[in-house]
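Have a look at the structure below before the remarks.
Which chain is which? They are A, B, C and D, in the order written, and residues in each are numbered from 1.
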Amino acid sequence: MVLAVENLFIHGPSSSGPVAVVESLTLALPAATTLALVGESGCGKTITALSIMGLLPPGFFITSGSVKLGGEELTFLSKTELRQRRGKSMAMIFQEPMTALNPVMTVGRQITEVLLTHRVCPPSQARDKAIALLGQVGLKEPEKRFSSYPHEFSGGMRQRVMCVMAICANPQLIIADEPTTALDATVQAQILELLRELQSQSGAAILLITHNLLAASILADRLTVLYAGSVMETGPTAAVLNSPAHPYTRGLLGSQPRLRLGRDALCGIPPTLAAISGQVPPPGRRPLGCAFFSRCPQALKDCRDNRPHPVSKGPEHQAACFR
Amino acid sequence: MTDSLVKNFLTVRDLWVSYPSRAGQDCFTAVKGVGFDIPQRRTMGLVGESGSGKSSTALAVMRLIRASAGSISLGGVELTSLTGRALRAQRPKFQMIFQDPASSLNPRQRAVDILTEPMHLCGLGQKSQRIEMARELLAQVGLSSSSLMLFPHQFSGGQRQRLVIARALATRPELVVADEPVSALDAAVQAQILNLLGSLRDNFGLTVLFISHDLGVVQHACHEVGVMYRGLLIERAPTEKLFSAPAHPYTWALLSASVTDWGLREALKTIFGSGLENGVAADPDQKEKAARKKSLTPNFETTQPVSSTRSITKSIKWAISGCLKESGGQILNPRLSEDGSEGCNFLQCPLAEEKCRTQEPVLTEFEPGHLSRCRLAAEIRRQGQAVLELASSPAFGQMTAAA
Amino acid sequence: MTVIKDVSDLESADNSQRSSQLEGTGRFFGRLGEFWRGFKKNPASVIGLILLAAVVVMIIIGPLIYQLDPFDIVSAPFTPPDENFRLGTDYVGRDILAGVLSGGRASLSVGLFAALITAAIGLTVGSLSGFFGGWIDTLLMKVTEFFQVLPTLLFAMVLVTIFGPTWVTVTVSIGLASWMNVARLTRAEFMRLREFDFVRSAVAAGASSARLMMVTILPNALPPIVVAAAFDISFAILLEGSLSFLGLGDPNRMSWGLIIGQNKNYALRAWWTVVFPGAAIFLSVLSVCLMSDGLNDALNPRRERRF
Amino acid sequence: MIFFRHLAVRLGNSILLLLAVIVLNFILIHSAPGDPAEVIAGEMGGATIEIIEEIRSRYGLDRPLWTQVVIYVRQIAGGDLGYSYYFNQPVSSLILRRIPPTLLLMIFSLASAAIIGVVLGVISSYAPHSVPSHLITFFSLAGYAAPVFWTGLMLMLLFGRFCPIFPVSGMFDIVAGHHGFAYVWDVLRHLALPSLTLILLNAAQFSRLSRASMLESLSTDYVRTARAKGLNERRVFLVHALRNALMPVVTMAGLQFGPLLGGAVVVETVFNWPGLGRLVFDSILRRDYPVLLGILFISAMMVILANIVTDALYRLIDPRVRGGPK
């Protein structure tokens, strides 16, 4: 098991003092598999990723729960020990490729920096290894790319450079925080396929953070659906998409307009989408019991006060719902 | 009542838009001779990746930026030549819904002023009635009248977009241009806004020009679709015809990138290439790039279970080539072509041949109502239908499940 | 730092009273309260405000209590500070305390009016070139660049020397020599805000250019400009001090710079003639600077926080 | 290639600016109260009638305005900045002799102020809410708020009366008459106080700016990426954050040259450092307009040169602007 997160609580600042942003989050990520953490904005998925990497912004802190990377408890590590793990045993790819690279440093140097810091290879071979990696992720003329600056790259190419920086110290875990949100549809597909290829070569586990349930299905073996800081449902991708066990997942799938091709396109467009009413309650104002209570069409009486525990709905498929 | 509807309510002829680039020498042409017309009360979608010029077309139609050439007319009234007071007199007839709720509302104006200002500017009703009309508008977009006195930062993202829509309806327009109205919103809220737009369009009888980079949203919301690539309108057809089987390789590439069903994706890849690196290093339209905050990739509704990720096997490739042979076409083997100045602007076209490089293709109506800018339009549409036919057949399903 | 106030709980609370506040009063006090809440957060700016209040009170009330004409000779030159002349006398025997009290009026008033001129020119040039762009922008920017090439103090000195050191020419010269910063800042703000969608929607609703500039863009562009204008007040006070120090101040109006200028050669012998007027300039300029930091936080509309 | 083409454009632009400054001088002369000829002669210069007539013919004051402008511009551009009757020598030679001391004072003060300011700014941005950083912020506000002449006089008092280790006036010890290395050392000792005054003022502004731009670049995405790569805090701070934060500081150094010239004038008057500032002070007393206008023209030229140098320096540091291989 590469990553094991148990009962994680994270609190963040707000006008009325610290507020729970992530509540009792549990994740399990074996090697060479991909887990997608799916949720709307403001549900705490990015904060979870940053807490694993130890890069929580000021004002946020882990209040309880354990985060184990390769069996080692990260919350007990000191600042320097955690820093040594970053980049070496766990790496991260960010959302905005346009601003994620240092504009005044050549791309090559930003890659060799990782190789040298973690002593992946002696300084003499660093340049060649970086050029090889650039070619491996599909960039044409890697030598020229090595010595050019980030502003000469398109969004897709910069995201490939980010992938190189992530895998060059061959970490056990790669966290990708919405890697394709800021890219075009065609480029998105390629980056997701690139991630899959890198995983098959390096055997690393990938934690994919995304707000889009359907994009995750291309890459992810397992899905965890997050809503307002707590886990609603988790299970294999096919099971969650085809037989969603939690009303929120059902609502999400129903509300996204599906592309109908071929003969299906001819049978007319459905008038309205099955939208979920209301909006996501901000951290300070979440209901006591089930977080989805205020918007759930099939809410029961006791959903309001006590929080539902994960119930098994199929092989390795759980949902936190009383229904 | 329908026959009195104007056939071509909004007509755009040979529209050119170019931006002076910062360096000052070569100016960047975002829109190259786009032309289309929208019948009254119909919704037309413009789809394309960032830098395809769809937003620039919308801004030009709204006369927010100056088109370098071409003509735009709304309900018979020629807009391109109007300026100053005459143009301002026409403005209430066409309004715009913007993408980013955070920057489309004046942070220092309360909701009541945001709604009454347009009414005041076009002299609609008296000052006393306007607050009542504003209250009514809020109700129509699903906001309570108590939020009349609030500032934009006191609304959530979805509610702010409802306020933007209410403002667009304040001057009772006939045409609404919606530039990526739902792209900056979350999935659940997105559906609410799409439903709201649909119902308002029918109640107010609006004609809508709907801009989006998202095929699923466009298929749901639009009657007609136009696909744009690097400033050119490369395909236009009613939604059913286009999505049943497009007739341009770029549209297929867009489709194959948006499809999340693994089996169909591999099938499409063998014919139309594996989605294309949009190698445009320079970012032509920074605003469009910034507009891509939360894109949504729709999924192909399949009858069989969605299979998990595995690589393609020989049997599938054989099955596809077999079916194409029966349909009398030979596999147009995908070859990536490098560059090319004149001729078809789709540089990475997997089906490119010598002729494509030399002749400048023209948007031709190869089938009634279906226009495409590709020489092989009919051929591509037929082969595409065959592949889709195969992909949705149960036999193909087992094969992908087995692989 | 405030979390987005959730509208749904507002609906539950009965706020018919809020929606009846359609007249102006509710809005004005609401905004003033909001301004003070933001301003209060920054302790340095509150200290600055108190300091400035003290200086202003000293200048207005001072000469009324301590009725002594700063120009008439009261005792022997260079008498050190003692009980009847708290701050001692200068090289001619005039009372320094009277000079400091009445000198403040000149320095602060010149500073304020010069800053007003700077803001007026800067706002006009900046808003026109920022909003319209094109050749208007290039022309106005060439003019701004030209003025920026001339060293501020030197240009002001030349103007005052040629047109005579009266109170009006000093103020106008300072204003003319230092409007470029506000102009560049206003232009940047107008160009940034011009691209925002709420401005485009106002254009789509049929707003004229004048309305767009005055009603839509200017209120949103004001926060950084007000902060820059506050800095310009302190810059103008310093400039007036330097001019009077170099003998270019209005001779028949006592000002802090003038006192120091006249006694600079005897500084080593009579330190008090130089230290106290200088301290007065230092305190008033420091208070204005501290306050302008606080202004920055108070005026920026609340930015909602994103996790 | 692109770099030099851009430099040529800048030079062209600067020549235009200089011409505009000359025309401004012309306008100032003609808009001053009284007859332009007297203005040119300078009131206290003891100008006799013949001199006035000679000026009138040389500047063509009787000719139509337009030709006067052309004559004036051609003369100034030709290096003849007019004649100072008080100092009884051409203005240009008068000014040229006074430029080196002022340049020495300004370059020395600007350089050391920049270094001290940036170091203080970077230190205070390392721990933004600690006591030293609040101290540095207060120092930078105080440094800006203190009027230059007052700081100068205060330093003179401090070093003059209490620990006289630095001379308080002039540029070198006339009596001792050192030469060679001793002369340089003597000038440096004289330079200490005037440049310290300017350093206090400018270091304040440099530290404010570098603190703000450091804090801003520390919150960017690429610094977060650097931390995610596991680099140690020192490297993230110095290599990634600092390099980007220095950009605006370079631009400010260029823009600072104009106001610094103003400060130098005042400081030279306080410490009677024999530079342009001293000359300006004397010519104000004597209403010697040609010298004044000449100094304005020369200092404008110095500012333009400073801007060109900063712009070139900025192009070298920032790859995005340098127009790398497309």
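Going forward, contacts are C-beta pairs under 8 Å (C-beta built on N, C-alpha and C of every residue); 3 or more make two chains touch, one makes a residue touch a chain.
None of the values given here were measured: they were computed from a predicted structure.
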item: Chain pair showing more contacts of the two, A-D and A-B; value: A-B
item: Chain whose mean Cα position lies farthest from subunit B; value: D
item: Euclidean distance of C-alpha centroids - subunit A vs subunit D, Å; value: 54
item: Whole-Å gap between the CA centroids of subunit A and subunit B; value: 28
item: Chain centre separation (subunit B, subunit D; CA means) in Å; value: 56
item: Subunit C and subunit D, separation of their C-alpha mean positions in angstrom; value: 24
item: Per-residue multi-chain contacts in subunit C, two or more chains; value: 4, 6
item: Subunit A: positions in contact with at least two other chains; value: 41, 152
item: Multi-chain contact residues (two or more partners), subunit B; value: 156, 159
item: Touching residues on subunit A, where the partner in the complex is subunit B; value: 40-41, 98, 138, 152-157, 181-190, 193, 196, 211-215, 217-219, 221, 236-238, 241-242, 251-252, 254-266, 268-277, 279-280
item: Parts of subunit C lying in touch with subunit B, wherever the complex brings them together; value: 4-7, 10-11, 15-16, 18-19, 21-22, 195-198, 200-208, 211, 216, 219-220, 301-304
item: Residue ranges of subunit D in contact with subunit A within the complex; value: 220-222, 224-233, 235, 239-240, 243-244, 247, 317-320, 324-326
item: Contact set on subunit D toward subunit C in their complex; value: 17, 20-21, 24, 28, 31-33, 39, 141-142, 144-150, 153-154, 156-157, 160-161, 168, 255, 258-259, 261-263, 265-266, 269-270, 280-281, 284-285, 287, 289, 292-293, 295-296, 299-300, 303-304, 307
item: In the complex with subunit D, residue positions of subunit A that touch it; value: 53, 55, 80, 83-88, 91-92, 94, 96, 99-105, 113-114, 117-118, 144, 148-149, 151-152, 162, 165, 169
